[in-house]
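In the two assemblies presented below, chain A is common to both, partnered first by chain B and then by chain C.
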Partner chain A sequence: MADLSHAQPDRTGTLRQFAREYRAARRQRWGNLWGYAFIAPALTLYLIFNVWPIFRGLAMAFTDYRYLVPGSEWAWNGASNYQEMFTNDSQFWPSFGISVQYTLMSFPTNLILSLAVALLISRIRNSFLAGTYRVIAYLPVILPISVALLLWNQLYNTQFGYFNLILQNVFGVQSPPNWLGDPGWALPSVAVAGLWKDFGANTLLFLVGIYGISREIYEAASIDGAGALQQIWSITLPLLRPIFVLIIVLNAGILGATEQALIMTNGGPQNATLTLGLYIYQQAFQFGDLRLGYAAAMSLLLGLIHMGLAGITFRVLRTERI
Partner chain B sequence: MASKLVRRNVLGIFAGAGVALLVAACGGGQTGTASAPAAAPTASGNSAQPTAAQSSAQPAATQPAAKTQVTVELTAADWVIQEWKLPDWVTQYNKMGGPQIHLTQQVDGWDTKVLAMIRQGDVLWDGVGIMTPFVDKVKWVETQMIQPVDQLIQSSTATDARALAGDWVPTIKDDISYKGKIYGIPYSVEAIGQMWLTEFLDGVGLSANPATWADTLNAATKINDKYASQKVSPYAWSNGLHTSLQALIHSATKTPYTGDGLLDITGTASLKACDWLTSLVKAGVTPPHGSDGAVDVWQKRKLSMLLAQNSRGVWAQRIFGMTAAGTGTVPLLEAGGVNSGSPFWSNTFVVLNKAKHPQEMVDFYAWLLGPSNKDVWTAIIASGKAPVLNSTYKSMIENNKDYKWMADFRDVIANSVAYPENTFWSIQNAKIMPWISKMVSPPFGLSSQQAMEGALKDVKAEVAKQQVQ
Partner chain C sequence: MCAVSLDSSRTSQRALRPPKFAQITFNLLLLATSFVILVPLIWAISSSFKGPDELYQAVPSLIPFQPTLANYEYMFEHLASFPIYMTNSFIVAFGTVFLVVLLSSLAGYAFARMEFRGRDLIFVFLILLLFVPRSGGLMALYELMAFLHLRNSLVGLILLFSAGLSTPVFIMRQTYLSMPRELEDAARIDGAGWLDVFRYVAVPLGIAGMVVVAIFTFVGVWGDFLVTLTMIDQDRWLTISVGIRKLLTTGTVSPFFAGSQFTGKFATYGTDCALLLTSALPAVVIYIALQRWFVRGLTEGILKL
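After this line comes the complex of A and B, so read on.
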């Protein structure tokens, strides 16, 4: 029999086994740590450029930060900004009203138009043609916004724009509208330009949803005698509910409407297109002290409204999880 | 199993290398380059001879001068770069040896970046083009974004440096000064004027710019009678406070601004100007609202007279020919009547606070915009911008029939009342223009008095909220 009195326990083997079991347990809980290393750069950038500005903006909304006044970055003033907004700013409510009008003009039309176009494209059997129409619908989306809106400025030109030339020479209209110069026409004109720019994106989203609906459901409905409109009403629209939610949530920011007003009319004529987003821009970057704190407060209010709209959308249009 | 391990290790090495690269890219700034001061080249291309004072200050011969090149960073707006071929002058300066100017186009939001850099003490750029004094000067000085250049001009080795301050038109020098210090070196001056297309004025038998408001309305009415069927608008103004009411107030009173630094919009001159603007629209010689796309229509040869920045006349000359358009001063309320010149501003190059090479920046500016650099002034004048030096007017403008109008403007600017030193112009522009637009629009339900009182109330409400007064 072997003399085991001087035998040492196999510590190396025990340690190795412990390390193996530790790694396995960690992998089970945390996953592969290399994954974290890979996402670390992107996560860092996201935290710096997306998350930090949110918190900084939130903090700024409760300060009287004026760019021209040194040392005012952290001048806390509580709810004074909001008090001024609601009771002592003669432009805030009119601008808010203009933003709401713009949204009511633009968004429902956008939704209906993009859905209609998506339905039409979805009925095209030829894949090449369908693809072509998808590209055409999406083209305005990829144009830089300033290019698109300046193009519309030229179309709207009272003397030389194509719209008025057609109205005068084809339809015999003697005094065509001053699209961007007449306070009554300016906001709808800006809304139409914004609609043209944005509807392609929603069309594509609707198409994604429509293509995801099984053909068999439509075939079964046809067999049961449902017509095209009935199928759309009873099958397509209900099954597109998640897409509606997505589009409404993604487009909630339309309430600001800053670029359209800034590029096309700069708030004119007679402040008819001075949306809240543009007014915030003026306060932050153009007027006097450059009141970033006050502008941040108005932006926070806009953000809360967007969140509220998204919350209402989720609540009203909630869909069952599959 | 072994190959899986090897692949994982390779991926891990790449990930580590990527993180290391990212950290290396984010950290550290440019290492400073320093060199012994070099004499600034003169306009003729010869290096300036060191003065006696410089020679005595030069290091001893046993201490070699540093070999590293100084690079001076200048950032400018795209229109400033393109208008008078600034890159060509930068190339010419760089070829002379000495500090090298690196010209870049301004990025969006450059001013917020600059202020952040100044706070950190590491400013990327040395100079910026341009500052528009009535909008930017107080803001940029109060936020300590720019530094005064008086001492830098005095100690500049550029030949023309010390001649500059005495050669500027005095009101232009005031325009770029703040609390007794000079804050930049201007390359051109713009003012508001009245431009015309020759064919339309000739067509109604007029050979000169109407001199008064009444003459202008008269000329516009005649043009309307003759050319309305061709859809030519007789008169319009460029959409801006300075190119409409502010310019007309200047042309009708010696005191366009109130004691609190605001445009005197409820004074007699302003109310008369408002009445006149309304009368133009009522007479049908100006489109409703007065200024929709005016400059656009002007450049399409469908507007016969335009109230705007004086460079717009040169724009039309470039498009239609030198004799096709003319540029004149803003008509007066009455012939030979009291006036305070015209709103004007100097397009000014500045030196940033905490710039690494402020002296070299000013040396370049002084070389570029000194009186002896005739090629540069020729390019500036050809772009339609008026020069800022009295000597340039004497040598290059007064005997040049194509640009003689600039001499008229120099006289107007020399007698102009400067815009008050405050940050309220943007507020006034935003608050007053909607009232003007409403006042001149059918059904003309708003009188001049009502419009201006309403506008003043809005302006004062906004101004009261500002701390920097």
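After this line comes the complex of A and C, so read on.
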């Protein structure tokens, strides 16, 4: 507050003086008001479309909201969504299993592949070549996901798909697999397509991390007689730990993969690729009463698992000293 | 020996001198990997230039021997929805990029250079939700958009996509934090208001960051599938990312018929490939043209995290 203990009666504009000092003091507390003006549009949009849905989704998970049943928006039903999900839903656990399988099929392979490629690229001296490899590796990531997956559908086609034609006519395989139509092959096929699409992103992240490691460490290790492989094991990998954390945190959402199953096989054949993400989508937007509440409950479960995995990663990979 | 060399790689190369053999091996491995990565695309490109005779040969070659533009002609002449979908995609993509760049620059600048109460708290709040996965997911969004009458509208999509501001604001704030203060101070001393400072100082200096934000936003929006699929069910407003499914199959997605039906004697899987490639082209072009900024943007974003 303005210090008024020495105020003198002033013939000219006491009130104005006081007002000015008051405003100045208040402005000091709030700072630059333009700041609020500058962030307001961004914040508004963010609050409406990002923040609100999180809370609404949280609430929705405990209601029996069915879009086709008017008035059910706030029909609280406690934890009965979860009760139904775990005990009364014949598709939930199979779908959950499929999602887990899918994750186990793609994520470790993704990590290893992208790390290997990143290490290779980082060793290339010629910067033009290295740049080209980077562009190529990241290219599938740039493609719209529907384009990438539909392209693989074409490749997997049993009549004119490139794979089967090569297998049949070049390698003489009598009956090549029905990649997307055989329940045993479907999920791995989808996983491979998803892997192709996604691994470039991790490659680039690893590269960023590797480029950030100063050359002097490697030089010192070289002088001490460490071979290339040992250098990778003892220097590169430990120093890449923050990148590992980032990648795992960013990729943990693969448990909820939806597009791959939706676009390539729509859950078939015989529900072999009905991942949990797709099942949720179907429940919410395709079948029956459009049970947004139930779907939100399943989605919340996935979200919690995602956060749990991220949290575990943080704990395990962060607290160890290098 | 030169005292200072900016090309540190060369000096340390001389110090380490790995055998040339290793370089060749690495290059070969990477060439093979690149080929494997690119095979689907190469196959698609060559198929799109093949006529029906070549397409259905027993042993497909990766190079068309009788290239033809028939597939592309078919695409442009017979598929009425195709230009509609592409236009929608462009509108949504450019609209979103414009809005995101504008909003994130303003906010990023404010967070970097202005002092106001609660500034850091609000910033953390903005970034934090990046790590909180959407628990209600699309369901809550669906309800919200329906309530706001923003479903089935391009404007709705633009607003929705533009709300993903955590990363853009982060990037812009980083950009402005590393900007020298002299120009702004000079402008302020000369009596410029904050809006003028922004317009004449912050915007020109922040262009690099804005390009990075623009690239990531464009590519992300162009390729979005699930959100668009949920929000739009009228054919008129579909983007190419969702619409291409309709163009390829006969309406329902079935693994057994994924590919093309013979709608006329000219529609083949070559046409499908032409469609797929053209749909992806804008994103790919933007990426390759501005590739330098991609890596830089990622580097700055991640190493500063």
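The rule is simple: the second predicted complex is superposed on the first by the 285 of 322 C-alpha atoms of A that agree within 3 Å, B and C clash if a C-alpha of one lies under 4 Å from a C-alpha of the other, contacts with A are read in each partner's own complex, and residues count from 1 in each chain.
In this text, contacts are C-beta pairs under 8 Å (C-beta built on N, C-alpha and C of every residue); 3 or more make two chains touch, one makes a residue touch a chain.
All values derive from a computational prediction rather than experimental measurement.
Based on the superposition on chain A, does the combination of chain B and chain C result in a clash or a fit?
Verdict on chain A: clash between chain B and chain C.
Touch check for A:L68: first (chain B), second (chain C), both, or neither?
In the superposed model, A:L68 contacts chain B only, not chain C.
First (chain B), second (chain C), both or neither: which does A:T258 touch?
A:T258: touches chain C, not chain B.
For A:S90, is the partner it touches chain B (first), chain C (second), both, or none of the two (neither)?
The answer is first: A:S90 touches chain B but not chain C.
State whether chain B or chain C is in contact with more residues of chain A in the superposed arrangement.
Looking at chain A, the partner in contact with more of its residues is C.
Looking at A:G31, would you say it contacts chain B, chain C, both, or neither? Reply first, second, both or neither.
second
Kindly classify A:Q282 by the partners it touches after superposition: chain B alone (first), chain C alone (second), both, or neither?
First partner only.
Contacts for A:V135 in the overlay, against chain B (first) and chain C (second): which applies, first, second, both or neither?
second
Touching A:G181 in the superposition: chain B (first), chain C (second), both, neither?
Once the two structures are laid over each other on A, A:G181 reaches both partners.
Go through the superposed model and pick first if A:Y102 touches only chain B, second if only chain C, both, or neither.
neither
A:P269 in the overlay: touching chain B, chain C, both, or neither? Say first, second, both or neither.
A:P269 contacts both chain B and chain C.
Once the structures are lined up on chain A, find the stretch of chain C hitting chain B; candidates are 203-211, 257-265 or 275-283.
After superposing on chain A, the clashing stretch of chain C is 257-265.
In the superposed arrangement, what residues of chain A touch both chain B and chain C?
Shared contact residues on chain A (touching chain B in one complex, chain C in the other): 34, 38, 41, 67, 157, 159-160, 180-181, 268-269.
What residues on chain C touch chain A, complex-wise?
Interface residues on the chain C side: 8-9, 12-13, 15-16, 18, 22-23, 26-27, 29-30, 33-34, 37-41, 43-44, 55-56, 58-60, 102-104, 106-107, 109-111, 114-117, 119, 122, 126, 129, 131-144, 159-160, 162-166, 169, 194-195, 198, 219, 222-226, 230, 240-242, 244-245, 248, 253-256, 258-259, 269, 272-273, 276, 279-280, 283-284, 287-288, 291, 294-295, 298-299, 302-303, 305.
How about chain B: which of its residues touch chain A in the complex?
Residues 8, 11-12, 15-16, 18-19, 22, 115, 139, 142-144, 231, 239, 287-289, 292-293, 296-297, 300, 302, 423-424, 426-427, 430, 433-435, 437-438, 441, 458, 461-463, 465-468 of chain B touch chain A in their complex.
Considering only the defined contacts, which chain A positions touch chain C in the complex?
29-36, 38-39, 41-43, 45-46, 48-54, 56-58, 60-61, 67, 73, 117, 120-121, 123-125, 129, 131-140, 142-147, 150-155, 157, 159-160, 162, 165-166, 168-170, 180-181, 186, 196, 200, 204-205, 207-209, 211-212, 215, 218-219, 222, 228, 242-243, 246, 249, 253, 258-259, 262-266, 268-269, 280-281, 284-285, 292-293, 295-296, 299-300, 302-304, 306-307, 310
Which part of chain A faces chain B closely enough to touch in the complex?
34, 37-38, 40-41, 66-70, 84, 90, 157-160, 178, 180-182, 267-271, 282, 286-291
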